[in-house]
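In what follows, a single structure is set out as C-alpha cells and then discussed.
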Amino acid sequence: MPEPVLAVDHVFKYFGDYPALHDVSFSLNGGECLALIGRNGAGKTTMLKILAGLSGAAQGEVRLFGDSPRQASARRRIGLLGHGIGVYDELTAIENLTIFAQLYGVSAAVARHWLERTQLAHVANAPVREFSRGMRQRLAVARAFLHDPALLILDEPFTALDDRAIALLQGLLAEAKAAGRTIIMSTHQLREAMELATHVALIERGKLVHFGVRSAEMLADPTYVYRTFGAA
Amino acid sequence: MPEPVLAVDHVFKYFGDYPALHDVSFSLNGGECLALIGRNGAGKTTMLKILAGLSGAAQGEVRLFGDSPRQASARRRIGLLGHGIGVYDELTAIENLTIFAQLYGVSAAVARHWLERTQLAHVANAPVREFSRGMRQRLAVARAFLHDPALLILDEPFTALDDRAIALLQGLLAEAKAAGRTIIMSTHQLREAMELATHVALIERGKLVHFGVRSAEMLADPTYVYRTFGAA
Amino acid sequence: MAKNIRLGLGALVGMLLLRNLYVILFNLPDEMEQGPIYRIFYYHLPAFFAAILCYITALVASSMYLIKKNLRYDAIAMSATEVGLAFAAVNLITGMIWGRISWGIWWAWDARLTWALICWLVYFGYLMLRQAIDDPTERAKNSAVLSIFAFVSVAITYKAIEWWRTQHPGPVLSIRTGKQLIDPVMENMLYMNFLALATLAVLMVIIRLNQEEMQRQIDGLRRRAHAI
Amino acid sequence: MVFLQIAAKDLRSELRTKESLNASLSFAVVILLLFSFAFDPSSEAVAEFSGGLLWLVFAFAGALILNRSFARELPNDCLEVLIASPVSGAQLFLGKTVASFVLLMTIEVICLPIFGIFYDITWIPQALPLLGIFALGTWGMTILGTLFSALTVNLSLRELMLPMLLYPLMLPALMAAMRLTTILLAGNAIAGNDMVWLRLLIGFDIIFTALSLALVETILVR
Amino acid sequence: MVFLQIAAKDLRSELRTKESLNASLSFAVVILLLFSFAFDPSSEAVAEFSGGLLWLVFAFAGALILNRSFARELPNDCLEVLIASPVSGAQLFLGKTVASFVLLMTIEVICLPIFGIFYDITWIPQALPLLGIFALGTWGMTILGTLFSALTVNLSLRELMLPMLLYPLMLPALMAAMRLTTILLAGNAIAGNDMVWLRLLIGFDIIFTALSLALVETILVR
C-alpha cells in the first residue's frame, strides 16, 4: 500500500485543559477531497492548523507526504487558505501574488495567470485595501492555488464569494481533484461542499464522530450528516 | 403618509473617480426586511456604511427616522453588524457585551440575556481571542441586537455560522420584523436571506437595477433575481 | 482672462524684484558693523513675512473647508502651505548663511531659530500627512484640522523674538517697536522687497491652485464618463 | 459620563494582564538607564537638565502609548462600531485621552522615585507641586496626542508619523514642563518670573483641549 | 536568498509612498529638536556626549521601527501564511532583520549631517569609520530587536514590552557604539584601549546573530 498523502494518527490538542481535539485519526490519498464538517467551535480550524504545521499536536502524529508538516519539502506542497486572507492590504493584488510566487519559486507569469482565473485582472494594480470582501477572498484563493499545491487546506473557502465565484472555486477544486491533488476543507456551506467531496468527516466537540465516503443522501440533503451521525 | 424609517435619495459615492454608488434611491418602512443582493464589488458594503453614517455620500441624502444618520438619536436606534465583528479580542464575551450595554444605556442583565440567546453563555468568561470564527460571529450578532434597535444594518450576517446558528439568527430576525423593526442585510447566502426578506434590491456596479417586494419565484430559486434583473 | 492676469502679475513681480535687487546692491550703503553681508537681510525678513501671509491664508482656507466642505478651499490651503514653506525655507537658508558669516556657525539653538525650524517642520508634516492619505475628502478633512493646530507654531515663532532673550537680533521694524532703530532708507527698502516677495507669493499660489483645479476638472470629467 | 466608560474599557484592555504595570515600570527604569549611559549622571550638569531628562522619558513613553490609542480599535473594525454607536466623537475622544492620561501618569509617578535614586535627586519635599506639573504637562501631551492618533490611525506609517507631528506642536507645553520640573527638582518654588511658564502650560492645556473637542467630530466621521 | 525577498517585501510595504523617506527624515530632525530642548546644546558638554545623543535618537527610532517588524504580519493573518510557506524561520527572521536594518541605516545616515549642522560638529573626515560603527551597532540592535519583535508579536502590550526587553539586553552594544561614536566625532581615531569597545561590538553582533538564528524557529511555530 502506498503512503497516504495525509495521515492523522491519534491526535490530541488541548487549550488549557479544554480538549479541542480528542483522539482524531484519519488519512487521505491523492485525488480525494474531504469535507470537514462540524458545528461552531467543534475543532475544525484547530485540526486544519495542525495539518498546516501552524500548531503542534499535544499527542499523536501528523504526516504529510510521509513527512512531518514542518519539513520545508512538505510545506512547499501545501496550499493554505485560512480565516484571514493572508495578503497585504497596502500592496496591490499583483504585487501580493508576485511576492508569494517568489517565495514558492514559481514564475511571475503564474501570478498574472491566477489573477485572471479569479477574475481580478481588472484590479491588478489596485491596493488590496480598496477591495471588497469578496474580491479579497478571491485573491486569497489565487494565492493558495499559485504554486499548484499537492495538498489544499481550505478553511471556509466559500465565505463572502458570490454565486459565480463559488462556481469558479468549485471548478478549480474539481480540476485539482481530477489532477490527483488532495483537498481538505472545512465549511458551513454544505451544499457547495458536498458536490465536490469524496469523503466527509464530522467533528463534534473535538471528537471525530464520523469519517467515510460521501453518499448520495448527503448530496441530496446536506444536513443528513448532522442528523445521522451527530450526537446532539 | 408617515415618514419612512429609512429613505435613500439619489445617493452617489465615488472612490477617487470610481463610482461605487450611482444614483441609488429607495425607502423602507417599519416591519420590512430588505435583502440587498449583488455580486462581489457591486457596492453593497458601501451602501450599508453610508446608511450607518460611517461614510458620507458624495451627493444625495440619507434619512433615518426622518433624521440625518449622524444624529445621536438616530444612531441609538441602529444595530450594526459589519464585516469586522466589532468586539475586543482581549476582553471576555461578557465584558464586551457589558461595555456596549453601557454605551447604549441598557442594563447589564440584557448583556447576559443576549449571551444566552446566542448560546455563548458557557464561554461568557473566556476572552474572545479564544473563540472559534462562528462563536465570534455569534457574539457580534449579540452585540448588534443588544439595545433592541429599530433598524438593523447587517453585512453578510450568516458568515461562519453553522446550521443551527443560522436558524437562530433567522428566528431573531423574524422576531424583530414581527415587532415592527426594519432590517436591511446584504448577503451571498440567498437561500437563507430570501426566507426573511419582504423586499429585494439588486445592485450591479453601483447601480440599483431592481427594487421590489420579494416574490414566490425568488424564494423557490434564489438566483432568479440575478437572472431576471441582472444585466450580465 | 485669468491667464492674462497671471502674465501681468508675473511681469510686475519680475520688474519689482529686479529693481529692488539693483537698489539693494548698488544704491544702498554697506552697514557699519557687518559690511556688505547685511544685504541678505532684505530677503531674510520679508521672506518670513511672506510665509506668514501664506500660512494665514492656509488657516482661513482650512477653516472654510471644515465649514463649507468644498474641496476648493482645500486646494487653496494646500497651495498656500506649499508656497509658505518655500518662503520659510528662504528665511531659514538666508539666516543660516548669514549666521555662518557673522557668527561663524550654521546654527545656534536660540529660541527664534529653533521656533522658525519647528514652524517649518510642522508645515512640512502637513504636506506629508496629505501625501499619506489617498481619499481626497479624508485628506482634505484631516489636513485642515492639522493646519489649524499648526498655526499655533506660527504665532509662537512671531512672538519668540519678544518672549525670549536670543542671540538672534531683536525686533527692528518701527511698526513693531514704535522706535526708529534702523535707517529709514533701509526700512523702506525692506517694505519694498516685502511687497515684491508677497506679490511673488500670490502669483505662486495662483499658479499652484490653477494646476490643482485642472487636476480636479480632469477627475470630474472622468467621473462623468464613468457614469454614462 | 460616557467618556468614563470608554476610558474604563481602554484601561481594562490595557491592564488585562497584571504584567502590564510591571512592564511600564521596567520600561521606565530601562529608559532612565539608557540615559544614564548616554550622559554622565554624576556630572554637575545633571541638576540643570534633570527636568529635561525626565520629560524626555515621558515624551518617549507617551509616543508609544498614544500610538495605540485609536489604533487599538482597528482589529475587528471596532472603531466603526464605536462611531456608529450613540457615543459622540467628543466623548470617545475624551475617553481615550483620559485612558492614556491615567496610563502615562502611572508611569511617571513610578519613574520619579527611580529617577531620584539614580541621579541622587531629592524630590520628596516638592512631591505635590511636581505631581501638579506632571498632570498639567501630561494632559497637554495626551490631548494633542490622542487627536493626532485619530488623524493618523489609518496611515501605514502611523508609528513614525504620530511622533513626527506631535512633538513639534507639543513643544511649548514640553518646554514649560521641563523648566518647571527642573526648578522644583532644584528645591526651589515656582514664583516670580517662572510663573510665566506655569501660565503657558495651563494656557496650552485649555486652548488645545477646546480646539480638539471642537474638531474631533469632523475627524472621526469620513 | 529567500530572505532578500522577504526584506524586499517589507521594504516595499514600508516605502509604499515615496514620502516615507521624508517622514523618516523629519522624524529624525524632530527628535534632535526634542533633545536640544532637554539639554543645553550650546554648552561645552555636548561634544562629550555627542555619541550618546546620536545613539539615543537611533535607539528611539529603532524601537518604533522594530515594533512593526513582525506586527506588520498580523492583519489578515499573513504571519500564518508565511510560517506555512516553505520559507524557513531563519530566512523569515533574517529578511525582517535586513529590512529594519536598511530602514534604520537610512535614518541614521540622514541624521548625521543634520546633527553635524545643528550641533556644529564636523564628521566628514571620519565619515567612513562612523558608517562602519553605525552599521555594527545597528545590526546588533536590529537582530535583537527583530527577535523580540517575534517574541512579543502576540502580546497586547507589545509597544511597551519590546523596548523594555530590548534596551537592557542591547546595552553592551549601545554603550560600545556610543563610546566609539563619541571618539570619532571628537576627531580621534579608534586605537589602543578603545579597540576593546570595537571588539565588544563585533562580538555582540556575532553572538546574538548566531543565537537568534538558532532560536527563531522555535519561537515562530507554537
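Each chain carries a letter (A, B, C, D and E) given by its place in the written order, and its residues are counted from 1.
Operating definition for what follows: contacts are C-beta pairs under 8 Å (C-beta built on N, C-alpha and C of every residue); 3 or more make two chains touch, one makes a residue touch a chain.
Worth saying up front: this structure is predicted, and the values here are computed from it rather than measured.
Participant: Find out how few touching-chain steps suffice to connect chain B with chain C.
Facilitator: 1
Participant: Going by the stated contact rule, which chains contact chain A and chain C alike?
Facilitator: Under the touch definition, chain A and chain C have B, E as mutual neighbours.
Participant: Which chains make contact with chain C and with chain D at once?
Facilitator: Chains in contact with chain C as well as chain D: B, E.
Participant: Going by the contact definition above, tell me which chain pair has the most C-beta pairs touching.
Facilitator: Answer by contact count: the chains D-E.
Participant: Once you find the CA centre of chain A and the CA centre of chain E, what distance in Å lies between them?
Facilitator: Taking the mean C-alpha position of each chain, the two centres sit 39 Å apart.
Participant: Averaging only over C-alpha atoms, locate the centres of chain B and chain E and give their separation in whole Å.
Facilitator: 47
Participant: Using CA atom averages as chain centres, what separation in Å is found between chain D and chain E?
Facilitator: Each chain reduced to its C-alpha mean, chain D and chain E end up 25 Å apart.
Participant: Note the residues in chain B that touch 2 or more other chains, in rising order.
Facilitator: Residues 15, 56, 83, 90 of chain B touch two or more partner chains.
Participant: Where in chain D do residues touch two or more other chains at once?
Facilitator: Those would be 13, 16, 75, 156-157, 161, 164, 168, 171, 222.
Participant: By the touch rule stated above, which residues of chain C touch at least two different other chains?
Facilitator: 118, 121, 125, 128, 132, 135, 137
Participant: For the complex, give me every residue of chain E touching chain A.
Facilitator: Per the touch definition, chain E meets chain A at residues 2, 5-6, 9, 12-13, 16, 75-78, 80-88, 221-222.
Participant: Which residues, counting only chain E, touch chain C once they are in their complex?
Facilitator: 17-19, 22-23, 26, 29-30, 33, 36-37, 40-42, 117-118, 120
Participant: Using the touch definition up top, name the residues of chain E that touch chain D in the complex.
Facilitator: Result: residues 13-14, 16-17, 20, 23-24, 26-27, 30-31, 33-35, 37-40, 43, 45, 48-49, 52-53, 55-56, 59-61, 63-65, 67-68, 74-75, 156-157, 159-161, 163-164, 167-168, 171, 174-175, 178 of chain E touch chain D.
Participant: Under the definition above, what is the set of chain B residues touching chain C in their complex?
Facilitator: My answer: residues 14-19, 22, 56.
Participant: Could you please specify the touching residues of chain B with respect to chain A in the complex?
Facilitator: Residue positions touching the partner: 15, 38-42, 44-45, 83, 130-135, 137-138, 156, 159-166, 188-190, 223, 226.
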